[in-house]
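Quick one: this structure, given as structure tokens, is what I'll be asking you about.
When the chains are written out, they are named A, B and C in that same order, and each has its own residue count from 1.
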Amino acid sequence: MSAPSGITRATLIKDLRMEWRSKDAINSMLFFSLLVVVVFSFSFDPTAEESRQIAGGLIWVAFLFAAVVALNQTWARELRNQVLDAYRVSPAPATSLFTAKVLGNFIFVSVLEALMTPLFIVFYHLRSLGPAWQLLLTMMLGTWALVVNGTFFAAMSIRTRSREIMLPLLLFPISIPAILAMVQATTAILNGDSARFWIVLIATYDLVFTTVCLLLFDTILNAE
Amino acid sequence: MKKLFPILGILTGVLLSYALYQGLVVAPTEQTMGNVQRIFYYHVPSAWTAFILFFVNFGASISYLIKRKPAADIVALVSAEVGVVFCTVVLITGPIWARPVWGIWWTWDMRLTSTLVLWLIYMSYLFLRSFSSSGETPVLAASLAVLGALCVPFVYFSIWFFRTQHPQPVIGGGGSIAPSMLHALLINWLAFSCFAFMVCWSRYRLEVLQREVEQAHAMRSLEEPSTSMREERYLERKA
Amino acid sequence: MTDNALAPVAVITITNLIKQFGRFAALRGVTAEFVSGKLYAILGDNGAGKTTLLRTLAGLNRPTSGEVRVLGAKDFREVSGRVGYMAHPSLLYDEMSGMENLRYFAQLYGIGGGSSGDSRCAQAILSVGLDPLLTRPVGQYSQGMKQRMSLARALLNNPQILLLDEPFSNVDGTSAREMTRLLSALRDQGKTIFVVTHQASLLDGVADEFVWMESGKIVDRTRTIAARSSQHELRELQK
């Protein structure tokens, strides 16, 4: 058997290649992100001062929407021809598959966020009083939190009825502390306040949940 | 064991009545809020009971993941269901209390908010159980329970910090509590815990019965005499 | 067929295997032993339990009770590198070409990348009568080509045991005969092959043994199909 990291890399590259080839998934997701930002802008039309207070919440809710749509198709290709069976039957460890999928989703959702953020800045006349690198760090940590749990719950949802609704149903409650932290951190940084507590909280959350999801993924993949 | 149930049931009933009496009659009237404050004796013990039940759920889920014993799965199911009920009580008594006292239905009070998030987490647990097919449910549910339980400290920390940054009216009183009130509170908690135990026990027995029925169905289909003569011939040849 | 001087070794041992899905028992007590170097055809109507049996052998289902030993191991993971599995869905990615698919799955089996890995993939594709240089995505293949490519994937790791579930379904006559010829050759090389199929006639004269299943049990094992139909006639006459 190849080293697990080799399998992770091979899986990630395969996913990225297939995503790149069938650009319809990327294109529709990008357009969807744009739509979300526009709809939000129509719904909330704050002044420049107000926007700094609420932008944090708006941005993360928009990211959450986009993330759920992306996460729901995490396993779509594997399910189509029961490829997951081929994976389970092989000696390859389930954790490699999980890591590859999480990384793939992380890249995918980050691309969407990279599109949505400039639009938010423009539509809301946002200007950050705090350092931009902290915003970037918050975004990365927050995205990881959503994506690691989301990929895990997407795999769980495969085994349930109403697959598409199960994912957000499972993801949202458990993500609440992380979402609160992301929003508070973003708002704090935008307003030039300290976000240290919140950043540490998300980082700890990421550590704990990544570890546990890795430990449990094999179990749920082979739950029959 | 079964004989014990009615006796404990009656004892619990007595204890609940006594606790009711303590809470509604004996405990002194609170000076600022008046009699409305007596909801406190339901609000707080319910929260504590729910918390204990969710802890039991966590333990049972871990036990199931390690040993795969069906009994652990049933304990997890039962504790989650009853825990959600007590959570609901907290979420209902909270606004009932808040409205006359502060004029608002909801406050992002630490206990209320945390309980809401817990309620959401364990409701999603119950949804997962009902939406997955019976072979996989125990494993999936146990995994979700572990994640949910690990989330709880984060819930409390984040809401605690959030609340210190954005102070809100606190339901349940922040400061110290008069001894006579404490007494009523603890009696109610004991009564609620016993009640929760009895309900869990009944639900456990019900679930065991339901599974036995399902098992019996499957067993019966196993033993259905094969109408085929081929089997008899096969067995003949083997003999 | 080469004559083996040594006694055939049991590669799969099944003891009282029961598999229950809720109230339905798909396998109701299967006991059997299968030896190496033979091609077994597993036949039976829908619902007989053929697919469930194969999936249990492949480690995709866990037995409700009973024991399954594949190459001596109770845990399928220990021997997963020596078993190949194929089912009616292609188990391939529609969006990639055959070669790309196999390159990926080769990684899962520890067959390194680079030119040596590529040549093994190419060999596997050639052995099933397909062109390794075909860049068309697998999703656009005909059913016969898909099944053959899926078989190539199952052969990548040069497995000792092949588990094939309905490989001939919806496959054109030429492809089916090709596959049958290939399976026969693989059996001659010493591999043990299990084929679940509805179309017993395709394996007439090729399979070493026909395993007949009905209602979750193995009801008969014959060397030829003719032996089975005679019994069937006999049974009809005796009714």
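Here is the rule we go by: a contact is a pair of C-beta atoms (placed from the backbone, for glycine too) under 8 Å apart; a residue touches a chain by one contact, two chains touch by 3 or more.
What you see is a predicted model, and the numbers here were worked out from it, not measured in a lab.
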{"item": "Nearest-to-centre chain - CA centroid comparison", "value": "A"}
{"item": "Pair of chains joined by more contacts [C-beta pairs], B-C or A-C", "value": "A-C"}
{"item": "Distance between the centres, which are taken as Cα means, of chain B and chain A, whole angstrom", "value": "31"}
{"item": "Chain A-chain C separation of Cα centroids, rounded to whole Å", "value": "39"}
{"item": "Geometric centre distance via CA averages, chain C-chain B, whole Å", "value": "48"}
{"item": "For chain B, residues that touch 2 or more chains besides their own", "value": "133, 135"}
{"item": "Multi-partner residues of chain A (each touching 2 or more other chains)", "value": "224"}
{"item": "For chain C, residues contacting two or more additional chains", "value": "none"}
{"item": "List of chain B residues in touch with chain A within their complex", "value": "65, 117, 120-121, 123-124, 127-128, 131-133, 135-136, 139-140, 143-144, 146-148, 150-151, 154-155, 157-159, 161-162, 165"}
{"item": "Interfacial residue positions of chain C with respect to chain A in the complex", "value": "58-62, 77, 80-81, 83, 85, 87, 89-96, 100, 104-105, 107-110, 112-113, 153"}
{"item": "In the complex, chain C residues that touch chain B", "value": "18, 20-25, 28-29, 212, 214-217, 219-220, 231, 235, 238"}
{"item": "Interfacial residue positions of chain B with respect to chain C in the complex", "value": "133-135, 214, 217-218, 221-222, 224, 226, 228-231, 233-234"}
{"item": "Chain A - residues contacting chain C, complex", "value": "1-2, 6-7, 10-11, 14, 17-18, 21-22, 77, 80-83, 85-92, 224"}
